[in-house]
Amino acid sequence: MTLNVSDLTVVRGGVPVLAGLSFSVAEGQALVLRGPNGIGKTTLLRTLAGLQPAHEGSVDYPEDTGAYASHADGIKGQLSVKENLAFWAEIYGNSADESVYEAFDLVDLKDRIAGTLSSGQKRRLGLARLGVVGRKVLFLDEPTVSLDGFSVKLFARWLSEDHLAKGGIAVIATHIDLGIEAPELELAPFKAAPDAASSDEAFL
Amino acid sequence: MIALLKRDLVLAVRAGGGFGLGLSFFLIVIVLVPFGVGPEAEILTRIAPGIVWVAALLAALLSLDRIFALDFEDGSLPLLATSPLPMEGVALIKGIAHWITTGLPLTLVAPVLGFLLHLEPSAFGWLLASLALGTPALSMIGTFGAALTVGVRRGGLLMSLLVLPLYVPTLIFGAEAVARGAAGLGGLTPLLMVAVITLASFALLPFAASAALKINLR
Amino acid sequence: MSIWEYANPKKFIATTTPLVPWVMGISISCLVVGLVWGFFFTPDDFRQGSTVKIIYLHVPAALMAINAWFMMLIASLIWLVRRHHVSALAARAAAPIGMVMTVIALITGAIWGQPMWGTWWAWDPRLTSFLILFLFYLGYMALWEAIEDSDTAADLTSVLCLVGSVFAVLSRYAVQFWNQGLHQGTSVPVATGERSVSDVFFVPLLVCMIGFGLLFLALVLMRTATEVRARRIKALEARMR
Amino acid sequence: MIALLKRDLVLAVRAGGGFGLGLSFFLIVIVLVPFGVGPEAEILTRIAPGIVWVAALLAALLSLDRIFALDFEDGSLPLLATSPLPMEGVALIKGIAHWITTGLPLTLVAPVLGFLLHLEPSAFGWLLASLALGTPALSMIGTFGAALTVGVRRGGLLMSLLVLPLYVPTLIFGAEAVARGAAGLGGLTPLLMVAVITLASFALLPFAASAALKINLR
Amino acid sequence: MTLNVSDLTVVRGGVPVLAGLSFSVAEGQALVLRGPNGIGKTTLLRTLAGLQPAHEGSVDYPEDTGAYASHADGIKGQLSVKENLAFWAEIYGNSADESVYEAFDLVDLKDRIAGTLSSGQKRRLGLARLGVVGRKVLFLDEPTVSLDGFSVKLFARWLSEDHLAKGGIAVIATHIDLGIEAPELELAPFKAAPDAASSDEAFL
C-alpha cells in the first residue's frame, strides 16, 4: 500500500495555489509538509482526503483507508471524553479500547464533559480520535497546535510506534518540529504561478 | 448509523432538554394566536386546523438550522464526510433525529393544544393522524434545506426562505385533512396525499441533501 | 446573630430538617380536614350544584401558584444582593412546585368550567394570565436546566425572574384590557359573588388555603435541602478530581 | 458605538441580504396562513391584524439568536467586553441593529401584506403605526433574551421559550390597536401602551442584558 | 505603570486551578507564562483581563489600559482584512495606520475577505488587532498558534520594538519559544491543591 500523488494541482476559491506536485509515501512512512502560512497545506490535505476534487493530476491510495484531521477537532462539548471517542469508534465500526486513553494521557479526563477541557486537552482528544478510527492513511493538519512539549512527544510516540510501525502512512502539515524521523516536503517551490490554469480558465 | 442517531438524540437531550423545547415553542405559538386574533371561540374553532399546522411547521423550521450547523462549526461534518458512513445515510439519520426531537413530541401534544383553540371534537383524530404522517416530511424537507445552506453564515433565514415554499403542499393537505375531518367530510384523500409526500421525501431527499452537503464542504 | 446565619447551607439543613415533618404533618391535617369538610359536610350550592366543591382545590392552588412566583422573586433578589447560595437554590426548588400548582389550578378550573360555562377552556383574562404564568415557570426551569455552572445559572435565572415579574404584571393588565375590549360572552370566574356566600363554604376553604400554604412551605424546604445536597455532591466530586 | 452599529449592519447585508431575509420570512408566514386557514375573505379580514402581528413577532424571533451568538462563537464578545465600550451600550446597539434589519423593513412592507389578508382599509394606518412603535420593543426584549442564552448551545429554542411570554403584552396591545382601528373604535389607548412598552424596554433592558452578558462571559 | 498580582487564586468551573500567585511586571517588560496543558493559563489570563472575578487576591493595573487576545480571534469572515482592523481601531477610538499592515505582513491581504484567509493569515490578522487598540497592558493567550517561523519573528519584533520598547507590558501564555527576552513564570508549582477553597466551599 502506498500513497501516490502525481502532477497534482490544487485549487482554493477558484485560484490554483499549488501546482505540479508529485510524491509518494510508502507503507510505514510519514511525510511532513512544510511551507509558510498560506502556501496551501490545508488545501492540499483536503484534496488528498477527498473533500475537494483535484484540479489536475491524480491522488491514489486504496479506497476507505484514509482519515482526515483538520484544524477543528469535531468534538462535542456536551458529550464526555469517553462518549466522544466511542462515537467515532462506532462510526468506523471499531471500539475505543483502554490503550488509546493511555496513549494520549486522557485516563483522568475520561468522564469529563469535553466542553470543559482546556485547549490542549481538547486537542489531545481530537488526536485520540485518530487512534480509534483504525485507518491506515492519515492526513493531519497541524496536529500539535496548542500542545505542550510533553504532549507533542506523546503524539510523536503514538504516531511512530502505534501507527507507522504497524504499516500506516501519514501526511502531516506542521510548523513545529515533531521529533519523528520523516522526509520533509517544502511546498514553496510548487507555488502555482498566478497565471496557472484555474477553474475559471474558460473565461480567460 | 445507529451511533449517529444515538449521539444526536443524546445531544438534543443534553443541550437543555431538546425535546421539551421544540414542544414549548409549538405551544407558545399556538397560545400567541388568540392574543393576536382575539378570544372568540367561533373564530378560533374555524381557524384552529390551519393554525396548528402552521405552528407545527414553524416549530420544525426554527430548529432546522441546527441540524448541520453545529456539526459544521466544530468540524464534525468534514470528518463525517470522510468516514465510512455514506453521506445519504447521514442526511437520513439527521432527518430522523430531527423528527424524533421535534415532530414526534409535537404530534403527541397537539390534541391538547387543539383543545385550547376550541378545535371541533370530531377533528382530534384527524389532527393526530395528519401530524403523525406529515411532520416526518417537514423534518426531511428541512434537512434538505439545512444541507443546502450549511456553509452560509446567517443561513438560518435563507434556509427558511428556501424551505417554506417546499412546505406548502404538506401544509395544505395536512390542514385540509383536519378541516374536512372537523366538518365531518372525511379527510382521507388529503391524508393520503400527506403520506405520499412523506414517503417520497424520505425516498428521494436524502440523496439531494447528500449532494448539497458534499458541494458545501468542498 | 442575624437571620442570614441560616443562609449557610449546613446550618440551613440542620435547622430545617427537624421542622419539615411538623410542617408537613400540620399541612396534611389541614388538607384532610378542609377537604373532607368541604366535600362532604357542606350543602350543595343551589345554583352550581355539587360542582362548587372544586373550589377547595382550585382557589388554594391558584393562590399558591402566584405566591410561589412571588417567593422566587424575593429569593432571587436576596441571591443577587447578598449572594447566599441557599436562597438561589430555594428559588430553584420553588419553581416546579409553583408550576404544579399552576397546572392544578388550570386543570381544576377546566373541570369546573365544563359544567359552569359549557366549555373546558375560554380565553378569559384570569385563565389566560395563568397560562402565561405557566409559560414563565417553564422558561425559568428550562434556563436552570440549560446552564452547567450553578452560580451562572443562579445569576441568570434571577435576572430572568426580575424582568419576568415586571412583564407578568404587564401581561395581566394587557390581558384584562384585551378581553374586556372584545366583550367576552361567558361570565367572569366567580371572583365577585362567591365570597359573599355564607361561612359554610368559606371556613373550610380557609382551612384548605392554610393547608396548601404549609404544604408549599414543607415542599420548598425539602426540595431546597435536596438541591443543597446535590450541590454538595457536585462540590465533592469536583474536589476528588 | 457607531462603529459597532455600522459593522453589524454591514454584516447583515453581506451575509446574504440580511434585510431581504427577515422580510421574506414575514411575507412567507403571512402567505402560509391562508393555505392553512382557507381562502374565505371574511375570516381573513377578521384575523388579519392578529396574524400580521404574530408574523412580525415570529420574524423578529427567528433572527434573535444571531444577535450575540455569532460574536460569541468567533470570540468577538469577550473582546468587546474588555474594550472601552460599556456593555450596556453594546446591548443597546445590538437591539437597534436588529430592529433596523428586521423590524423596520417589516413595518414598511406590512401594509402590502395586510392587503393580501384583506385587512380593513381603515386599519392600514393603525397597522403601520402599531408596528412602527411596537417592533423596537420586540427587538430590545429579544436582545435581552439573546443575552440570557448566549453561552448555551442550542440556545435558539430556549430563547424563544423565554422571550415569547415577554412578547405577550406588546402583541396584545399592538394587535388590539389594529383591530380597534379596523372596527373604527379608535385604537389610541393600546397604541399608547405599545409606545410605553417600547420606551420602558429601551430604558431598562440594556442594563439587564448587559448584566446577563457579563455573567455569561464569566 | 506596573501590573501587580498578589496572592491570586483563580477558579474555573467552580474549582480552583491556580492558587497563591504573586508577581509584578514593570513597564517595558513581558512575562511568559509556562506550564503544561490544563494547568490554568487561559483561566489566569481571563482573570487578569477582568473577564472573570478573582476568587482570592488582587490584580492591579491602571483602569482601561488592558487588552485581551484569546484562542479565538474575533475576526468576522464576511469583512475584509481592512474592515476588520478598522472596526477594532474605531472601538478603541484609534485609527488603523499603514504601519500595522506592514508589521504583520498583511499589506497584500488588505482587501481580502477575512473568511478566505488561511489559518496562519487569520492569526496574523488577530494579532494585528493588538496593534490598533493602543493599549499598554496586553494579555495574550498562545498568540503564535498556527504561525510559521517567519511570522513568529514578525510578531516578536512587533512586540519588543513597537510595544515593550514604548513602555508596554505583556503577559503571554505560550508553549513555543517566542525569541524575545523575558522572564518566564512556570505555573506548575502554583497548581491549586484539590482541597483548596472553592466557590462551593460553603457546601463542604
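Note that the chains take the letters A, B, C, D and E in the order they are written out, and that residue 1 is the start of every chain.
By our rule, contacts are C-beta pairs under 8 Å (C-beta built on N, C-alpha and C of every residue); 3 or more make two chains touch, one makes a residue touch a chain.
Quick caveat: nothing in here was measured; it's all calculated off a predicted structure.
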{"item": "Pair of chains with maximal C-beta contact number", "value": "B-D"}
{"item": "Chain whose Cα centroid lies at the greatest distance from that of subunit B", "value": "E"}
{"item": "Taking each chain's C-alpha mean as its centre, the one farthest from subunit A", "value": "C"}
{"item": "Between subunit C and subunit A, distance of the C-alpha-averaged centres to the nearest whole Å", "value": "57"}
{"item": "Whole-Å gap between the CA centroids of subunit A and subunit B", "value": "37"}
{"item": "Between subunit B and subunit D, centroid-to-centroid distance (C-alpha), Å", "value": "23"}
{"item": "Per-residue overlap in subunit A, given as positions that touch at least 2 other chains", "value": "71, 77-78, 116"}
{"item": "In subunit D, residues with contacts to at least two other chains", "value": "15, 73, 152-153, 155, 158, 161, 164-165, 168, 172, 179, 218"}
{"item": "Contacts with two or more other chains, residues of subunit C listed in rising order", "value": "135, 138-139, 142, 146-148, 178, 182, 241"}
{"item": "Contact set on subunit D toward subunit E in their complex", "value": "2-4, 7, 10-11, 14-15, 71, 73-76, 78-85, 217-218"}
{"item": "Of subunit D, residues touching subunit C in the complex", "value": "144, 148-149, 151-152, 155, 158, 161-162, 164-166, 168-169, 172-173, 176, 179-180, 189-190, 193, 197, 205, 208, 211-212, 215-216, 218"}
{"item": "Complex interface listing, subunit A residues touching subunit B", "value": "46, 49-53, 64, 66-79, 83, 87-88, 90-93, 129, 133"}
{"item": "Complex contact set, residues of subunit C against subunit B", "value": "119-124, 128, 131, 135, 138-139, 142, 145-147, 178-179, 182, 184"}
{"item": "Touching residues (chain side subunit D, partner subunit B) in the complex", "value": "12, 15-18, 21-22, 24-25, 28-29, 32-33, 35-38, 43, 46-47, 49-51, 53-54, 57-58, 61-63, 65-66, 70, 73, 152-158, 160-161, 164-165, 167-168, 171-172, 175, 179"}
